[in-house]
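Please see the structure below; I have some questions.
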Amino acid sequence: MEALQIFVAIFILALASSFTFASDPSPLQDFCVAINDPNGSAKLAKADDFYFSGLHIHKNTSNTFGSTVTPVNVAQMPGLNTLGISMVRIDYAPNGGLNPPHTHPRASEVLVVLEGTLHVGFVTSNPDNRLISKVLYPGDVFVFPVGLIHFQYNIGNTYAVASAGLSSENPGVITIANAVFGSNPSINADILAKAFNLERKMVKNLQSKF
Amino acid sequence: MEALQIFVAIFILALASSFTFASDPSPLQDFCVAINDPNGSAKLAKADDFYFSGLHIHKNTSNTFGSTVTPVNVAQMPGLNTLGISMVRIDYAPNGGLNPPHTHPRASEVLVVLEGTLHVGFVTSNPDNRLISKVLYPGDVFVFPVGLIHFQYNIGNTYAVASAGLSSENPGVITIANAVFGSNPSINADILAKAFNLERKMVKNLQSKF
Amino acid sequence: MEALQIFVAIFILALASSFTFASDPSPLQDFCVAINDPNGSAKLAKADDFYFSGLHIHKNTSNTFGSTVTPVNVAQMPGLNTLGISMVRIDYAPNGGLNPPHTHPRASEVLVVLEGTLHVGFVTSNPDNRLISKVLYPGDVFVFPVGLIHFQYNIGNTYAVASAGLSSENPGVITIANAVFGSNPSINADILAKAFNLERKMVKNLQSKF
Amino acid sequence: MEALQIFVAIFILALASSFTFASDPSPLQDFCVAINDPNGSAKLAKADDFYFSGLHIHKNTSNTFGSTVTPVNVAQMPGLNTLGISMVRIDYAPNGGLNPPHTHPRASEVLVVLEGTLHVGFVTSNPDNRLISKVLYPGDVFVFPVGLIHFQYNIGNTYAVASAGLSSENPGVITIANAVFGSNPSINADILAKAFNLERKMVKNLQSKF
Amino acid sequence: MEALQIFVAIFILALASSFTFASDPSPLQDFCVAINDPNGSAKLAKADDFYFSGLHIHKNTSNTFGSTVTPVNVAQMPGLNTLGISMVRIDYAPNGGLNPPHTHPRASEVLVVLEGTLHVGFVTSNPDNRLISKVLYPGDVFVFPVGLIHFQYNIGNTYAVASAGLSSENPGVITIANAVFGSNPSINADILAKAFNLERKMVKNLQSKF
Amino acid sequence: MEALQIFVAIFILALASSFTFASDPSPLQDFCVAINDPNGSAKLAKADDFYFSGLHIHKNTSNTFGSTVTPVNVAQMPGLNTLGISMVRIDYAPNGGLNPPHTHPRASEVLVVLEGTLHVGFVTSNPDNRLISKVLYPGDVFVFPVGLIHFQYNIGNTYAVASAGLSSENPGVITIANAVFGSNPSINADILAKAFNLERKMVKNLQSKF
């Protein structure tokens, strides 16, 4: 009996979490709160499903890159399910806090600087690989098109903060260096040596650091 | 000769402005900067096409509703074209600044409070017409699903400011009272009297004010 | 045992009803009949899933607005699931039967008059709020773009009937006056007083009527 | 000079007609009236762009199949552009008027019978090729999923009329027999003989009739 | 207890197979492996979910049409779920192996010839029904637009092989002759006689062969 | 006069090339051939618009990575416009020919090995960055989800060839190493040093090589 209950519970989690992400392009009802609870339904949606708090708090940026991303997507706010939008706050340490080159496989991002001075940019696809960049000050807005590699870099000597909207309830993030040199398991070092024009032992060394 | 030039120029504006808005759901190139210039092309895109400034400035809210919306959509930032995202800043006067009940016919909106205290809410569609509302403080986030009537109301005694992301490059805004009582030309007063359960002369009076 | 069965049954309803609305933009199979029955599957679809009857019957229009909407969407016809289309019949009482100003948050609507004479219109979004209207006779067709406020008003002295197609399996309806003045719970009267330029007590009076 | 004017005029028609059909899935503005006129713009849209008349008229069905389809799509009503919806009226001669087996490559169709008695059906895709059919009377509604072969057949001894909504501004129609046996130029008779298990001369005979 | 287990198992299959096909247009996560197993989840995806083998094998073409289609869609490769792409290999017998006229209701197809000589074509929709065709040799590529009737015919005296990509995880196939003359149950012979300009007994004869 | 002609010609190229890419998600007509010629129209489409040749030819792989990609997208085959599908052939030199880590910002890819032995893989997004990889032999198929970093590496001692379908008419390619270290202009070396945990002079050295 218990086995069956566990079986059903696992099933519920599997299906519910699968379902959670099943229709970005255009909703089919007012909303469709993502739930992990079999008793839930749209009728029972409550204000807290559409709510998240704490985005005003300065986050600790004492980490490798000197930056911290605080996401508000469907995992944090179930009411975002099917609505095709989400948000992030990004904190940057003074003098070089970096949101390192990354892509969002499923969203464009429009970012506004709240505090500080950021050098931001994105690189267009092959064959041009043009870097389109700008220095941003408070109140400046910049957009990063879907799937393109982009970054933000704090070139000021004060903390910097940005807020951004993204065009998916679950945009995904791929930090380039980590995905390439820190994947699990590792990508064959010969591949990375050839791709990045590095010596094999340098690649191995990089992989050990990520 | 001049006639032809004017003809061509009008044509350019008509086509270019038509084209500007031709593909929200998913881009077909890295970006497609909206242009009113026949010499423009994606190759020539520059950083300023993806840039907008001034969103940090406190806006004057001395108007009927005590609120000011500053949009950053494809009309202000041509690089947003085809990317399915845009942004707004909203300023609210103290003690009752109101972003009155409105809908976005083409976007969901996720809003974060930067300053002040806002009472926000949206109403679900028929037949329930449930009001889902919340009082928000700085750092609080709320989402308004596409097409639903929603509002924000400054219930604090200080200025309030919010920033929001919207899931379309051109979300559209329909301020309910203005569209209903202030359309041009006016909606037949008998219709509005019946719909709103108002006397006809009250409707006429309202229409004269909008 | 019974508890588990109830648990599973509730779960089935929750998931199935959630799933029902999971993919408007483009189907991924011939059809995907919306079911509340765990034994159901596409293989077992039967003709009745794609069928609805009774749209020829003149409906009673003895109600506040003098109009009755008979929807045929995915809730009435499960075979519509994933197909992005639905239908309604609308009956209008003579001399002023009104389908009051409303929006469909998820569909455009194309309407044909079957009997009678209708004054119809929609209002464009801000800042223009243009009223685009027309008097329609039998055989006349009009389209209401997605998300815009629109209405139909029987200006003839006979019954009127219209039939309409909508571009979603579940278009949703927001009757403006009801959503604004009749939400549950009520919107703060100060907000509506300011938005509609009405005295607070007038708002309270209106709210009591809806 | 004249050559240039003609050149520009042809260009206008080419571009404008191309543009006409550029964004079904979700509009990017209130509407985007399809124009063949370089002076046109959304601002200048008028009620007649959203209007079509004459759908109440009984059409002549004295033709091969004993049926006549009267479409109201973007070609007839320019305001449908980008809205993802269109409509048709179908007239059927008594005793066997047939809307022969056909598909709509870009739309699902929901049909309501206004007069008469229709045997309707659609066939599911391989490998099952199930016929899902029904006899419809006035007020009965049936849906034909996108891309599937379907038909309507007047089995009554009176005229029949149906009205249908389709989920695209330009659904397209492929009448199976005509596309297969009446294409221009003809499909190689060996191919059709093999596909339809017919003798080659029978195929040639059929091709001569279409 | 067993009854309940069967009940749950059927439910799992129903839901999981329903869910399998719930979001072509744009994924909402890196991938969403289609599962028939309640323990499965995205976290547990393994390389084999994204893998299929055997497409290099020459297939037996000793059948009615002298052709064999080997699909690799979401039913064969669960990792394709939500990704909007699939593949097929097609083998054609020498001297007339035929992939008979058919449509894909949910996908465009781009085909490359690997071996042999194929006469391929598609027919445009009404009213033109133009046949657009070409003879293809190894290395030649051709595209068949979504929903249009198309075919490939081996006009060489050697085996032919083609590989194709399709723009849906589950494109569907409707073999025209089979769907029309071999549906289950049969389409009324009077309908087909009229549609194809055939004698009723010829239709009955054809129906008996499919 | 000549100036005007040039002006118009530039305009034509700008508009036509813009238009070319305006509607992936779902076509609005049978096809919409991408043209750079103002006299073109869908009516005049010819078989060659849907045709490309030469994909059987072994390509020279004497280059840095030992691989050559031959695309067949809308730039090579104008008939692909609006159809959401394209194709590539990839040749790999023996003993280490590499299609280096890259993403397609707008397409998933399903690949089949025609000759040789490939080690292929993709890396999931943060935080897991799982490498999902496989060794593929002729006839093996693998899928790379949209936006994820992936690669193919020839681990055999013979030439290898693969063919792939992609779910966009214009998928885009971002070769990670080139976009990061070879952008034009270069990304600030401090950013890359921090992101990749490399010394600044190593970054400068890498940038000089790309």
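Each chain gets a letter, A, B, C, D, E and F, in the order it is written, and its residues are counted from 1.
In this text, a contact is a pair of C-beta atoms (placed from the backbone, for glycine too) under 8 Å apart; a residue touches a chain by one contact, two chains touch by 3 or more.
The model shown is predicted, which means the values in this text are computed figures rather than measured ones.
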Contact-pair overlap exceeding half with A-E, pair selected from C-D, B-F or B-C: B-F
Across the interfaces B-F and A-F, which one involves more C-beta pairs in contact? A-F
Counting residue numbers used by both copies over all numbers at the interface, does the subunit D-subunit E contact come out same (over half shared) or different (under half)? same
Starting from the mean Cα coordinates of subunit C and subunit F, work out the distance between those two points in Å. 45
When the C-alpha atoms of subunit A and subunit B are each averaged to a single point, how far apart are the two points in Å? 26
Using mean CA coordinates as chain centres, what's the subunit A-subunit C distance in Å? 37
Touching at least two other chains at once: which residues of subunit F meet that condition? 1, 4, 8, 15, 19, 22-23, 25-27, 30, 105-106, 125, 128, 145-146, 148, 172
Could you please specify the touching residues of subunit E with respect to subunit F in the complex? 25, 27, 30-31, 43, 45-48, 50-57, 72, 77, 79-80, 83-87, 89, 107-110, 112-114, 122, 124-125, 128, 132-134, 136-146, 148, 163-167
Residues of subunit E touching subunit A in their complex? 1, 4-5, 8, 12, 15-16, 19, 22-23, 25-30, 32, 35, 38-42
Mind pulling up the subunit E residues that touch subunit C in the complex? 1, 4, 7-8, 10-11, 13-15, 17-19, 21-25, 105-106, 168-170, 172
Subunit B residues within the subunit C interface of the complex: 25, 64-66, 96, 98, 100-101, 103-106, 119, 121, 123, 125-126, 128-131, 145-149, 151, 153, 172-188, 190-192, 194-198, 206, 209-210
